[in-house]
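In the two complexes below, chain A is the common chain; its partner is chain B in one and chain C in the other.
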Partner chain A sequence: MNVETYKFRSRMRAWTDGTVTALSILATVLVVAPLIAIFAYLVYKGASSLNLAFFIETPKPVGEAGGGMANAIVGSAVLLGLASLIGVPIGIGGGIFLAEFGRGTKFANAIRFTGDVLNGVPSIVMGMAVYVLIVRENIPFIPFSGHFSAFSGGVALGIMMIPTVCRTTEEMLLMVPHAVREAALGLGVPNWRSVLSITVKTASPGIITGCMLAFARVAGETAPLIFTALGNQFWSSNLNQPIAALPLQIYVYALSPYDDWHRLAWAGSLVLIILIVLAVSLVRFVTSRGVLKGNS
Partner chain B sequence: MTAQVPEIRISQPQFQPDAPAVQGQNRASQAPAEVSAIRKFLLSRSDSALADRCFHWLMVLCALSIFAIVVLIVYALVEGSQLSWHKFGFNFFFQAFTDPYTQLKTYWDPVNAQFSALPFIYGTLVSSFLALFMAIPLAIGLAIFLTEMCPGFLRSPLAFLTELLAAIPSVIYGFWAVTVLVPLLREHVNPLLIKTLGWTTLFTDENPTGLGFLAGGVILAIMILPIISSLTREVMSAVPHSQREAVLALGATRWEMIRMAVLRNARIGIVGAIILGLGRALGETMAVAMVIGNTPEIHRSLLSNGSSMAAVIANEYAEAVTDMHYSALTEIGLALFLVTIVVNGLAQILVWMVTRGAPAQQR
Partner chain C sequence: MGVGIEVKNLNAWYGTNHTLQDITLNIPANHATALIGPSGCGKSTFVRCLNRMHETNPIARVTGSVRIGDLDIYADAKPVQIRRRVGMVFQRPNPFPTMSIYDNVASGLKLNGYSNRRALDETVEKSLKNSALWDEVKDDLKKKSGASLSGGQQQRLCIARALAVDPEVLLMDEPASALDPVSTSKIEDLIFQLKSQYTIVIVTHNMQQAARVAEKTGFFLNGRMVEFDSTHKIFTNPSDKRTEDYITGRFG
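Entry: the complex of A and B
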């Protein structure tokens, strides 16, 4: 290889390197740009339409200005409360099993895999299953079945929380050092007590943030609520009745032709986003603080 | 007994590749499979065998609930789709009908009890692959930038921003798409595409609304980007530093190092990440339902209206008129469920294959 070819080749290599660097910077800009566009637009539109009435009034009839989404906020709170009641204990229980009892067994691996796959199942399918199981048929022994109800919406959201809570709980428990468990057992503490009061307690910041993450994820879910909670224009906190929810209300208002409703939808989106960003930042803060780093 | 446990900090002198945000699928498999001998001994000496056993089984019950959920979903969907399955069989996914009055080809006509999933499958596939086509290069570029090139002070905010992108509810994406993206496509992008690429017949101007497959694809691409890029980042940072250093020591440029050491080692994981993104795109409902146009038709043009499997369920399920209509929608849901299960399972296995042997990483 003569000198000229060598020089040409090394120049080509440097050029390719530079091109790839430029392309990946371009890709980063292209990814960040829509995000900033979405956020800026959301804050701009939402902040200009947020007011006190949004939080304390129910929707006005079409054509009347004003009104708010108080009923949707309360409805979302009811639905999410119910979902957490179902999803958090079962999810944490499953996580404890995976980390404390089933570690390394085939059964635990199967559950872990199923949980991960369940995490990817579209939320609308969850809603359909709940619709078929409790909304459509009037089943004896299952309360509130046979019609659209807040209860069925809460169940749909709760089921969606289980895999996320379960997997994060497991992750967090695995970070608790063995020595802590052995110390507790060595003092004569029964195993169940050691798990609950020592292991889970040590990992509790992580577990709580995992629950918040799951909470934030289902807080914005619309699809499963369309045919379970259905939505409601009026005040309701009755588990037996259709109930309003923030994302559902945003969906309905976003597709309406009225400017006033669009305004409300933007305000609702901003409230929802603030809630979710808070939860996600908290998760990041706690997990990056590294309280729990240690041998598993 | 409930004494406060102090913060536990055990310093680890082990090698840690610059603290990537590990999603965590790998840690479980690194944990020691056996409990230590001390612990076994202590457990065998425990006095409260009954309480312990009860607690153990309670936790097993909680874990089993995950299986129960899957079984219940399958049962509900199979049960709900019986009617349509018995009437149409496998033809449900391929057939087309003729409208009795207009003699035109139709696929989905609840009034005349004619149901075919074909246009929805077509819409789902077109919008998802369009999204992948746009998202893959961007996601991999972003991942390369974040793992290999990014100055330290930018890395964490950028990673946080993309995480945030994943946390925005899909209904808000949809709302943004309806108010900002669709007008943008209608006024500027679509005319340009028709003018320059009209000869491919993929872009025709019969639909002036701006809604359609392309709008659905773009919003899906924005939504699956963070998933693909964060997983790609994870598998890339699982590549040992010694590999990178070895290639650099041979005189490679940075791109050659990325190509030879990083991308080649991480390729299975990247494919897994892409498939996971595909799984998400297939099942995405609200944003797509808001911009795809919701007409059960099949068009060659990417700018024309269509519908997707999830979108038709979201639009019609709560108001299904007849049992047959309801059953046909449930069957679409069942197909969607099975497809996403297979796609996600495949992706999980691929990602596991790569991250399992990775060096210990902390979040």
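Entry: the complex of A and C
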């Protein structure tokens, strides 16, 4: 190979390298741009309506100025707390079963398939299902059934969290190196103990990410709440009563013909996004404390 | 103190693959015994049968008897009990990545429900001293993750972790093959010291290593044990032609 060919090929390589780098930067911008655009537009439309009253007052009747969404913020917190109590333990437990105890069995494959289907069920259908199951009729031994309630809303959101939590837990557990499991078994640690204390602990950062994804996803859900939590114009944190939620309130206000309510809907959307970001960051911060990081 | 191991007619399978065929040998207490042979000859499978790790693979199967001290490990006990008496060090260092150095060493005791803090502290210090790692890590026992150490240090950490549960036998499956020469020589020095307290079985690809650390050496080929004798005899005057071919580098 002579010097000219060599130089030519080297220029070609530099050109290819530059092109691929530019394309990946472009792709990154395309991914991030909509997010920034949405957030900027929300700030532009909503920030001016944000004031203290928004966070401490309940909605005012039409025509009266002011009022806030304090009850909806609390309501969302109650609903999401309940949803997490239902979705996170069941999802993580299911993921542990799929990855560790039931791996390769027909039963596990059936559960995995069911979970994937559940993940694809439209959220409005989930709301209707919970409506039929526990809202429409008073069922013995199921608390708070027979009417619209915060409880039924939490159940609907909780069920929606299960497949995401379950599948991420499974994937993260399968990524834990075989050598780590062998190390635990080689010390005479029983299998169940090794799974809970070593494998799950090693995979916990990924599992927490999965829980946060599921949480953030259901935090903005409106449809499953229409038939279950229903919404509420007044203060309530009672699980047995209909409860307000930010997405529901935004939905109602945005569809209304009043400019005041439109402004509140914009402010509510901004607050919803900020609260989700805050909640996710808080969990990350709390769970990352005390975790030692290695180089490898 | 270490105990002797008597292996009688041991056979092992992975699926339909008969990886160990009719192995019978006596491993002496408080000595180091080396197992050599080409890749795939069954020596790793053999040591994994000595603490019943072989059967953690669902398609694996074992017949025959292994007696460790006075205990027939396949007839008299559960795998979990055996593995507390028979420690194991693996080819690649495998510290628990989310745990500190201290917790790595204490893990065997803690996970088996042991929680006396002072006794744990003592065991951790003793084990790390025994594995010649104490001086290098004593200042950040709880500050640093086990995974932040160098490869050679990680392997000594794994040895300390195995020693902390106070086993009678220590199995080492190519413990130095992923390490540089300096770390390797540290591990070898360590084996030399440890064999006064433990019975050590070491699998190695490195014949000089076998010659340096072990009193007894077994040569495995195609799932069978060809020859088992004093290390000196194996390397200077083997009785089997195949052993001689292997150690002189004519195959394998």
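Everything that follows uses one rule, which is that the second predicted complex is superposed on the first by the 234 of 296 C-alpha atoms of A that agree within 3 Å, B and C clash if a C-alpha of one lies under 4 Å from a C-alpha of the other, contacts with A are read in each partner's own complex, and residues count from 1 in each chain.
Everything that follows uses one rule, which is that contacts are C-beta pairs under 8 Å (C-beta built on N, C-alpha and C of every residue); 3 or more make two chains touch, one makes a residue touch a chain.
Nothing here was measured: the structure is a model prediction, and the numbers come from that model.
**Q** Touch test for A:Asn51: chain B only (first), chain C only (second), both, or neither?
**A** neither
**Q** A:Ser237 contacts which: chain B (first), chain C (second), both, neither?
**A** Neither partner.
**Q** Which partner does A:Leu185 contact after superposing on A: first (chain B), second (chain C), both, neither?
**A** Once the two structures are laid over each other on A, A:Leu185 reaches both partners.
**Q** Would you sort A:Gly94 into first (chain B), second (chain C), both or neither based on which partner it touches?
**A** A:Gly94: touches chain B, not chain C.
**Q** Quick check for you: in the superposed arrangement, does A:Glu221 touch first (chain B), second (chain C), both or neither?
**A** first
**Q** Just which bits of chain A does chain B share with chain C as contact spots?
**A** 177, 180, 182, 185-186, 188-190, 193, 197-198, 201-202, 291-296.
**Q** List the residues on chain B that touch chain A in their complex, please.
**A** 1-2, 5, 7-10, 12, 24-25, 27-28, 30-36, 38-39, 42-43, 46-48, 51-52, 54-56, 58-67, 69-70, 72-73, 76-77, 79-80, 137-142, 144-146, 149, 158, 160-165, 167-176, 178-180, 222, 225, 229, 253-256, 258, 276, 279-280, 282-286, 290, 310, 313-314, 317-318, 330, 333, 336-337, 340-341, 343-345, 347-348, 362-363
**Q** Which residues of chain A touch chain B in their complex?
**A** Chain A reaches chain B through residues 13-14, 16-17, 20-21, 23-28, 30-32, 34-35, 37-38, 41-42, 89-94, 96-98, 100-104, 108, 111-126, 128-133, 136, 148, 159, 162-163, 166-168, 170-171, 174-178, 180-182, 185-186, 188-193, 195, 197-198, 201-202, 216-217, 219-223, 226-227, 230, 247, 250-251, 254-255, 262, 265-266, 269, 272-273, 276-277, 280-281, 284, 287-288, 290-296.
**Q** Within the complex, which stretch of chain C touches chain A?
**A** Spelled out, the residues of chain C in touch with chain A are 51, 53, 56, 80-85, 87-88, 90, 92, 94-100, 107-108, 111-112, 143-148, 158, 161-162, 165.
**Q** Taking the touch rule as given, give the residues of chain A at its contact with chain C in the complex, in rising order.
**A** Listed in rising order, the residues are 177, 179-180, 182-190, 193-194, 197-198, 201-202, 204, 291-296.
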